[in-house]
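Structures for review follow.
Same chain, two partners: chain A is paired with chain B first, then with chain C.
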Partner chain A sequence: MAVNNELFKGTLQTIILNLLAEHHRMYGYEITQKVKAITQGELLLKEGALYPALHKLEAEGLLETSTEVVDNRLRKYYSLSQEGEKEVVNKLQEARDFIQNLQLLLNLKPSF
Partner chain B sequence: MGLTTAQLQQIKQFIQRKGFVYLDVQLEIIDHVATAIEEKMEVNPQLDFNQALVKTHASFGIFGFSTIEDAISNGLSKKYNRFFWRTFLSFFNYKYIVLLFLGAAFTYQVQQLLVGYHWWFAAFIGLTIVSLIILIAVRTYQVKLNQYLSFKLSISYFLATSSLLCFILQFQNQVLLSTTIFGLNTTGACVSLLMVLFVLYLLSAFKTMELGISESTQLQKKYQYLS
Partner chain C sequence: MKLTEAQLKEIRNYLLAGPRYQETYNEIYDHIVNTLEDTEGEYDIDLVAQIIEEDFCSFPEIVLQEEIYKKQINKKYASQLWQEALNTFKFPEVFNNLLLVLMYGLLYRPAVHGDMISKIMYPSIWILSSTPALFYLGKRYFIDRNFLKTSIKYDFLHKTWILGLLQIQLFGYLFVSKHSPFNLSPESRYQFVFLVYFLTSIYVRAFIKFYNKKISVLAV
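Entry: the complex of A and B
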């Protein structure tokens, strides 16, 4: 069952920050594939949603970038800045609180 | 399976034909498209390069690559805006506040000495010379870095300089007629303060341009290494 994109959008920044916290640095395409692999294809992170979120996080100073030559082309890597490392903790806590409240509101039982 | 240099060149030309000319925008699109093509051709070895390229482009949806360009452009604008205002506000730090006060006092004194001798004309000429020097510096780099969106956006703060200068100098007629409080010509003091703020604006714009030049030059060196 594919997940509704509207539900996905609100947590996109948290997902990106958490992925970068776990993998140190990643490039755009790698992030889309990682989301697809972790969710076994349930969530598809499209370029149209990924890049605006990445560049917004970079503009806010939460991400840093570096460019390297890979396979005869330039590749831009994203990683967490010091500010981003602090923010990821807050964002994850916000997401946990939100999920807890959602479970209460919709009478859902956690599956774990 | 890695793509050949000719295939990467083909992707670059494809992107250029779609109207994406800035090298810092192309960089991110080329790598994304090339990686997606490599993966598609690995999963389905019968798929040729051109088919994989068309398929990858279609996966970007109706807006195509413009989503990436818009994201980069918006992100860079926000980044430089943040840098510009952070630099501007840093001048109000306790380290510089005495200098700012002295600058405003000096401008006020010069203005009061020259008030009967078209002081505003001297101020206009002085600030125009400064603006011309900046314009020459911008033009010099523009020749080298015109293909970089980061450079183009980082110099955008200079666009407002002439409007700001005209706004300040429109008060020149009122300095002579202004009321005084404790011997201080109020309009003259306001104009002096605005002139100091204008100089701070110019300095912040210059520092923002320096950041844009540094980022674009670093990228340019990597492109030169590739070619």
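Entry: the complex of A and C
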């Protein structure tokens, strides 16, 4: 069953920051494919939401960018800045607290 | 699917009607080619239109997002330029400022009693304050001359050099030039010209540092 994408809109930045914390540097398309692979296609990250989120994080100084020529085309890579590395810890804690509260509110039991 | 050079060119041409800036153009082009390469079947340009429609909504939506991105970038660059200006008061950059202060003392007598202000100092302020314009024009019309689209960085560079030049020239006209509406004593005039020179120097040094760190690289 596909997950309603509206549900994870608020956590998009956390997802991006966490993926970059785990994979050092990634490009836009790679991030969409990674989310698809991890969630086995349950979550589809729309590019129309991904790129604005990446650009916002970059403008806020949480991400750094670099460009490389790959197969004769320019590819823009995103990685965590020093500030971003600190922020990912806070964001993950925020997400954990939120999920915990959501479980309490909706009487959900963790599946693990 | 494996794309041929002719097909890649067709995609590049198709995208020319969409994104306004080189950076987003490159990013969307890379994304579309990656998507097509991971897709089974025959190539068709309609697939590109479909990807744009499904993944990015539409060309107008891309342009809308670019405007938001440009504002965010401008804000970030403004804060970085300001930071570079503040850095001129930190070690070891502060020595350049101290050198200027020393120059103030050394030039005091010849400037107040001679015509050094109008013949040397005022023209040098003009030249100095035009430096960011040279960087901007060189970047836009020489270094990036092969770009298909304009860079998203130009907007900030353009605004910065015009605003900087106007402010400095206005200040110079009001307090330093021969046509100043204020009747200033030679001592006050020298103090003003030196203040303008000092601020211009900080602005230009900060601009060059900022340019080398953020603008001369490919990524935004």
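What we mean here is this: the second predicted complex is superposed on the first by the 112 of 112 C-alpha atoms of A that agree within 3 Å, B and C clash if a C-alpha of one lies under 4 Å from a C-alpha of the other, contacts with A are read in each partner's own complex, and residues count from 1 in each chain.
The definition used in the following text is that a contact is a pair of C-beta atoms (placed from the backbone, for glycine too) under 8 Å apart; a residue touches a chain by one contact, two chains touch by 3 or more.
Since we're looking at a predicted model, the values are computed, not measured.
*Asks:* Thinking of the overlay built on chain A, is A:73 touched by chain B (first), by chain C (second), by both, or by neither?
*Replies:* both
*Asks:* Looking at A:59 after the superposition, I want to know if it touches chain B, chain C, both of them or none. Which is it: first, second, both, neither?
*Replies:* In the superposition, A:59 touches chain B and chain C alike.
*Asks:* Identify the partner contact of A:28: answer first if only chain B is touched, second if only chain C is, both if each is, neither if none is.
*Replies:* Both: A:28 reaches chain B and chain C.
*Asks:* Which of the two partners, first being chain B and second being chain C, lies in contact with A:48: first, second, both, or neither?
*Replies:* It touches chain B and chain C both.
*Asks:* If I apply the document's touch criterion, which positions on chain A are contacted by chain B in one structure and by chain C in the other?
*Replies:* Residues common to the chain A contacts of chain C and of chain B are 27-29, 33, 46-48, 51-52, 55-56, 58-61, 67, 70-71, 73-76, listed in rising order.
*Asks:* Quick one: in the complex, what on chain A touches chain B?
*Replies:* Interface residues on the chain A side: 27-30, 33, 46-48, 51-52, 54-56, 58-61, 67, 69-76.
*Asks:* Where on chain B does chain A make contact in their complex?
*Replies:* 2-3, 5, 8, 27-28, 30-32, 34-36, 39, 59-61, 63, 67-68, 70-72, 74-79, 82, 218-219, 222-223, 225-226
*Asks:* For the complex, which residues does chain C have touching chain A?
*Replies:* Where chain C meets chain A, its residues are 23-24, 26-27, 29-31, 33-35, 38, 55-57, 61, 65, 68-69, 72-73, 75-76, 217-220.
*Asks:* Which chain A residues qualify as touching chain C in the complex?
*Replies:* Interface residues on the chain A side: 27-29, 33, 46-48, 51-52, 55-56, 58-61, 65-67, 70-71, 73-76.
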